[in-house]
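Before we start, here is the structure in question, set down as structure tokens.
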């Protein structure tokens, strides 16, 4: 039983989805679900020990014959793609319905299928040229999905930023693949660790894929894109698209020889992303931006794992690298699951209230208990707390780092710092998500919009339930998922090919199971006890203040105040403060907004300079013919100079 | 002698058009001649004729590698022309049609001429024939553009003639019998007098480079493309420039036969990169979407000359790019022409939301923009990627490739900025062409669509015969000793 | 025979300087047309015995450069009844100095280039370079369209001069040069007289700067 | 069977012993101040009384308001069970349990802050914000401490990590852990458990609106957490492995007592810091642990 037929079925369904999507929403949903299910089947086959599947076809595309390959590594990412893709398709049916968006919803369905198709193509194609084709197509279809609501200028702006940044990355990949092809003499991809000459190319890949993965400081496009996209698009962009960057990194750091120091660079980027990403997240007031920056953090965690693995591989395949990489790959799944869940939740909040500002929400749990509960679950998972999946993968990464430290190898120092950073990032993530859930769902509604909120329908809740189930099951039974991850690790580095779990995953799973049971039991017990003792509802005591108003609640800005203060050096918050004056102050105001520092403080000025140059140069085309002819003479002179310069051949 | 037929058939068509009485039916001559011409060229492409060594005019491998693209482009533009001229009933099209056909004939002559002087004459003639096409719109802006085109282009022409003289004198000085066919010049090889060859190369590069639109001799381009009808722009960008490019290729072959290949490649590389840089900088700021196309064309001419500088593989890629860029640019020019007629202006400042009132053209325009900025699976992606690969294959060209890619990136920024700037948003009230609604009839939509399709097909499944033709051309330019 | 030829070339070079120095269009046109006639004579001098092709070239040149185009230009001037002042971008004295310096440089440069024995003594190469340079100076330094056309013609005369080096071996190429005159014809008739005049009611190219950037 | 028995004994130790510590602390403070002070068993009485009381729920509170304390309580107990008790070892010990313990404490923090945010009261919000923010530094300190212990012992399992003494860096580690203990358990100088000025409180501010059984769960959980840190500190510093079972038990008890008294003394002699100086102190704790780590690493003793 090979994955081939499943992949074919998936491709057919999704292609049909592109064709039928605009006209036939129901059929499209069916096709998408069927296609992703088939793809998931293929992925599972690849993960559950089917031998690496390869397929050549004589049919050339772009002058290169098709060469598809599905090994455990690509299957791992394919599984994630299919899970989120299917869930998103269902979710979109209600969230971005023809009724609400008659203009863009049909377009959106077609692009969604195109996105899934092209990402799947990237995952299975084993030819540089085809990889690039898929890569570009998925970038562009993501762009058109992101800008579904083109009427809003800020959406267009975010979309353009995304497109520009992605193209910058793509240019690096052009160079990378072209150099690879010109050095190996063919576009074919595959393991080539023995050709040591190729090592330097990995730097190009790091740059190109890093942009897509949203590694700090290459993440500039990410926050605005994820915040302004329709939420199901944010979910797949954050859950899957940026993982394609990770896929590229893992894939090629596994296939190519690794330059010395790459491990240090990767782990360094990871640490920076993890800490600064979550620091930015903590300071946000827009909950979708908060989720976006949190993705930067999680990519950082994954990069820490990958970097540790690279270091280990460089030091004679120390086994702790295997743990770290396994943790990183498992975190790819976990982040995909809970971040999509959170974005779906954010979507239904946005759907219900129409605002992305936490300071305009509050008390939504009464109106939308399902969303609140599921979002809370996602929050616990993303904060890396037991007994959910987030902790499982972070725990593996920790183990890798701790082993590296106890091994006292040359990598110990880096591992120490990484572990400490990981700890701080975890605590900050917890803070951020306590803030997010509390500001959105707890307390009293701060605006009428929050009062009028309503729960979303089943087609939006069902995908969230599915993803929540994934989070819970990876948390409670990590052993079940270990073999898949172990195979992927084995593909990355044959020396680490599958053996038993190096960590007591079974014990952890058992502990999680017991813990979960006890938590539920204790909660129920306390609840009943409270009921038995009898309770009454009363106004929040609030130190005796008689008439507490919603506006008096702790706001998201003040909640983040302390933590954001510590990172003010990088957050560069822009404050607009008007203190109350006089005995009876009429107006008092304290607005704080955290800019995207790298974009607005670094790239913005640089762009200004370039535009200045462009303006200066464009003055030369001032319409005076005489100077045009002078230019010709100048060109003549310059070329003659060039010829005479090195003319002695 | 089919190669002569390729030249004289369109010229005859031109004469017929000049005599044709009826303004309404005259445009049909364009597709009629175009069909036959394209048929002939592709027949020749499929079974190439044997070339007599001394021939002055022949369908040699280089012509075979490029001319069909020009002919194909002309054919599609001709079908567009019918619909376009129907829209422009108010203007007499006698001169326009006749000269379009003449241009086709002269282009065929230029591509096929294997003689230094003949090549120059053909190029000169094309330049002159294109003049009235430029000011078809009859606006003062159009005349200004034409005047600049003539004087700048004329200077270029003059310099290329001087260059031809120098090359001729080099051969004379090297004991040549005054036979100025490229074959015999290459045969003379290192006998050619080196100083004269160097001078000739510089003059010819600048001269034909002016025609091609390489910076800093590109100044006529934005004006001409900005003011000419879309169909003329497409033909200039996809046809006339290619004659100049092939001319440079032929001369370069002679120069490298004279042992100065390295020098020639260096100059080509530098001028190519400079063109791309200038184009990128202009694209970052331009606010006129037709002039934007002109700068984009400058950029792609830069790509061509870089390709020509990168040895056999590079030339192969460049010939590929002649096809892919010509066809894709054609689609862009035609759809831009539609948008221009629908919106009544070519400036970003007064055009917005074309997706609302010209949806199909806008769609093609956006798609073409992505295609021309190397979005797979369209043709330019593959040709440009091959240029990059050829560059990385050569030692010590890393900086050039880096600069090449950087320019591509900035050009992308500029193009997307302008294109999305006009396509998106809410249309301005009352920005209409003479109040008359522009209908996106099949006649003006299908041709650009066809061109996009061709570009796609070229990329996804580059026909073996074309690849073979390009390889043959490379062999002609880089004869194995 | 070379001496006579050099005499004529010297004359042509002198006419370059006059063209650079002349401050009124008519005198510029006159200098240019006289140079055309001079150039027309040269092929006849270069030939030991009369060849009809050469004669044809000579005749065409004299007719084109000496008569037709100057008359067209004069007609254009009258039709456009523009004031005769040239009002240059580059002043007359600087132009003259540039031209003179250029001529000297041309002579110096020509000495370094290898020539066939039969051309060894002739001033053809320096003369050609000098005229080309003069042409460029006029094209760059003059505002009036007609003055620029004259500049172009002188540039082209330089090229023609150079072509004479090849008149034995490849007469066709030289004859092709005559096509350039056609270009000028197109300039003059097609553009200047009717169009620009009508569109801008002036021939001052400083008005032709709508299209920019 | 024995394992079940063992489990019960441990639970008894943790659940029953924990409430003693706050009593002792208060006694020490009273003694220093020359007062008689509340009886040592005061907390037991309070818990018993609260357990019988009814509950007042804020109108805004969701079920999470009651579930939060329960979750926190279970999480803390779970963390405590992972900690070895001198010679008795741990109930369950596996590679990486140290990290699980830290993250169980984090889970407790999450649920208490969550419950605090339920009421929409500004004071509770303030307390929660402080709790989660200072936890960032405390977490860093704890991870560093764990790192130094595992470098010391070459293991990531609490049982083996805590058996020997922390070696050369013991003093530094002790100081660092003690500071973290004060911060994590909201004692002076970070927080004042028995002030009544809400603006200055962390933990107390968070539980303003709790009452009845949930409040009991919170208080008891806090006591267990205090005991947990005391045990951790003691075992990290003292070489438990080298002592006889009785000696070890005695040492453990003595250590815990010493830590408790120490806390009491600190509370009586130190005033609460201004909040802007709190991060400084916590950073010092991190640095202390970091130095301990470096000593353990470069000390090269394995």
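For clarity, chains are labelled A, B, C and D in written order, and residue numbers in each chain start from 1.
Everything below uses one rule, namely that a residue touches a chain if its C-beta (ideal position, glycine included) is under 8 Å from a C-beta of that chain, and two chains touch if they have at least 3 such contacts.
For clarity, every value in this text was computed on a predicted model and none was experimentally measured.
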A-D against A-B, pair bridged by the larger set of C-beta contacts: A-D
Per Cα centroids, the chain farthest from chain B: D
Chain A-chain D separation of Cα centroids, rounded to whole Å: 36
Rounded Å distance between chain A and chain B, as computed from the means of their C-alpha atoms: 44
Chain centre separation in whole Å, for chain D relative to chain C (CA means): 99
Rounded Å distance between chain A and chain C, as computed from the means of their C-alpha atoms: 69
Where chain D touches two or more other chains, by residue: none
Numbers and ranges of chain A residues touching at least 2 other chains: 618, 621, 625, 629
Multi-chain contact sites of chain C, meaning residues that touch two or more partners: 139, 148, 205, 208, 210-211, 213
Every chain pair in contact, whichever chains are involved: A-B, A-C, A-D, B-C
Chain C-touching residues of chain B, taken from the complex the two chains share: 116-117, 120-121, 124-125, 127-128, 131-132, 135, 140-141, 143-148, 150-151, 154-155, 157-158, 161-162, 164-166, 168-169, 172-173, 176-178, 180, 193, 195-196, 199, 222-223, 226-227, 282, 285-287, 291
Residue ranges of chain B in contact with chain A within the complex: 147-148, 151-152, 155-156, 159, 198, 201-203, 205-206, 209-210, 216-217, 219-220, 222, 259-260, 262-263, 266-267, 270-271, 278, 281-282, 284-286, 370, 373-377, 381-382, 385, 388-390, 392-393, 401-402, 405-406, 408-410, 412-413, 416-417, 420, 424-426, 459-462, 467
Sites on chain D touched by chain A in the complex: 51-60, 62-64, 66-67, 69-71, 73-75, 78, 92, 94-96, 99-100, 102-104, 106-107, 109-110, 113-114, 117-126, 128-130, 132-140, 142-144, 146-147, 150-151, 154-156, 198, 208-209, 212-214, 217, 279, 293, 297, 302
For the chain C and chain A complex, residues of the former touching the latter: 89, 136, 139-143, 148, 205-206, 208-213
For the chain A and chain B complex, residues of the former touching the latter: 60-63, 129, 132-133, 136-137, 140, 150-151, 153, 156, 160, 163-164, 167-168, 171, 174-175, 177-179, 181-183, 610-611, 613-615, 617-618, 621, 625, 628-629, 631-632, 634-636, 639-640, 642-644, 646-647, 649
